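Take a look at these structures.
Paired with chain B in one complex and with chain C in the other, chain A is shared by the two complexes that follow.
Then we have the complex of A and B:
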């Protein structure tokens, strides 16, 4: 319900914005028409749906704030989980709950993690639903457990690690201020000034592809364009990078799921 | 490397003002590189043409990672020379067809797991460089190449420089951010010649 209130408030504020520039009007229209709320509702349905060999829902899934607690869960991820002794992001944790609570195989549950405009994935719907319930809360991934510190350090090193057919690191594109690829601005994600507003908006609905995109998808597609092999879904590499970037954005109020170009 | 000097200085100043800035590039050791490579081998899998051998670091990547893209001259020079020696420069005129070169420059495909090897590969040039003034949607990660040939002429030496720089940018600046497009197998000899044409041909839009 809080998300509906947020939407109403944003729309109420929009006419004032519209007077400032034509772009503000475009933003208002995009906000009005983008189906983010539909993804959240679809995710809620999947969260409560009984499925898998155990015919169970995800309602007892522990995303770090206790079983079934969704409020603020996304803003506190990635974090260390004692039951797996692993640092996990939202998507890795959802996968964990699908295998443990619902008894599904990892293979079946990861068969189609990235959807498209015609058919979004279960993971995308669920990400939208869970993330919304951190809206307005400060980004605060785990930083105290030794494994959380380890993930942060690995993520920071990976961010600058040049490899692959084209010798790229994340910093090749996201390391210098004021640069673009074609017409796309490139945020310097190692700098809190740029990481904060950006990380506060993921996951998001992407207008250009009419699809909902998650951080695991973002890691996957960046490595594709870096001419690297494919990172495995929910692997430590992807989680370490997400942990590093979320830590760099720490303190920023979460504003997602947002709408992107 | 000349370009990175002022940056380095700025980074040092920033470090003085705020110790252990979150965004600083961390120092890495050879042990770190081996550990990271092992993690990547465990966490990645081959897909399409993107095989797992891409995880392995070659001498250039290793040196640049160890020295934050700013290695000492004594280590950089011999490696640049070795990269240069490995460039198979074709004989004769290197100025190809600038119209085909423009298509290669426009295409952002090539060497990704989603691309068929050898089909519609491009140089992704416009992703980072300004070239033809007819294309306003260019990136800014690399320097503008507008007027490249107009400023430099079409001498055999300049043709060789343009060809070599596209084939393997690391032969000229070992930690250049530009991909080694020939060395990596993304572009073939004809495509690179066509790009040289785009850069140098007086009729190319780049030189208008």
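Then we have the complex of A and C:
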């Protein structure tokens, strides 16, 4: 009987132990030695590199704070842009600048948006460079324009919308407290308490794949894991989800680019 | 990422200097296969040298066991603000890169 009781107590204590897991310490140590800076350097080079039919750089790209202004730009995204009359996240906006400023075709610019360890993509380098300039600034995506509200509402709806072969939604994995997948926590992203610390670290260097990952990649891969059709890069769907999650994390000082397992 | 830029930070402490250097290198172990099933040839940094004002203070032999894009930290005795720190590496293909910065 006492043995049984001991077992029950041990099981009850397990979740508490999981919370003090060495994962936090691992994350701290990995961040210290992550080569995030190398991606930022690569991004700076690409930002200033003249390319495309117009042989232009991205230096005049308006990310929401005015042409060429990078400081705080990432923390203020996604937001509505008057020139396209669309809510755009960082990657959709970068793509917009590649097509308008550099004169590249959408097809060419999105040919390889997700890279790998051997060859990171342009989007990954650029995301690292741009996001760094918002480090320490509060996350404040646009919430005032009607289209921004529309994106938020759509994102929220999509977050809970079950579909696909497995009848999954984002909330199937990210809707309950205290859940993990292997070593990674599954934060409840509809709750600011959990969304804030998480969203403040994207985009990030992913240790297990030695690559840099962006939010568009995260949306794409979550859809794959849910066995849903692949979303289009920079589509209204992915932007709405990012807008919803960033808005849920609003007010948190941005701490990225950080690291992922 | 192919071998590329380095990033370094050298900060002065009480009687010592901390050097942290980040290198871009694929650090191939020679055991990995590519998409076509061919072995990716061995490619790794084999020597790392640290110089303080031109004088060699650290000489390291590294193996393919070191990770891709490695970060190295060294604590060097002495060193004053403005002193020149130079870090260079040499890999098994004979490629090398170096970076120089002043102690802050």
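Heads up, the rule we're going with is that the second predicted complex is superposed on the first by the 229 of 261 C-alpha atoms of A that agree within 3 Å, B and C clash if a C-alpha of one lies under 4 Å from a C-alpha of the other, contacts with A are read in each partner's own complex, and residues count from 1 in each chain.
Rule of thumb we're sticking to: contacts are C-beta pairs under 8 Å (C-beta built on N, C-alpha and C of every residue); 3 or more make two chains touch, one makes a residue touch a chain.
Because the structure is predicted, anything quoted here is derived from the model rather than measured.
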Partner chain(s) touched by A:179 [first = chain B, second = chain C, both, neither]: first
Partner chain in contact with A:82 - chain B first, chain C second, else both or neither: neither
Chain B versus chain C as contact partner of A:41, first or second or both or neither: second
Partner chain in contact with A:117 - chain B first, chain C second, else both or neither: second
Chain B or chain C, by number of chain A residues touched: B
Which superposed partner A:210 touches (first chain B, second chain C, both, neither): second
Those residues of chain A which chain B touches in one complex and chain C touches in the other: none
Complex contacts: residues of chain A adjacent to chain C: 33-35, 37-38, 41-42, 117-120, 210
Footprint of chain A on chain C - complex, ascending: 1, 4-5, 7, 22, 24, 26, 67-69, 71
Residue numbers on chain B that touch chain A, as the complex places them: 22-26, 28, 32-33, 36-37, 39-40, 42-47, 50-52, 54-55, 57, 60-61, 64-65, 68-69, 111-114, 126-128, 137-141, 170, 177, 179-180, 184-186
Complex contacts: residues of chain A adjacent to chain B: 153-154, 156-158, 160-168, 171-173, 176, 178-183, 186, 188, 190-192, 223-225, 227-232, 235-238, 247-248
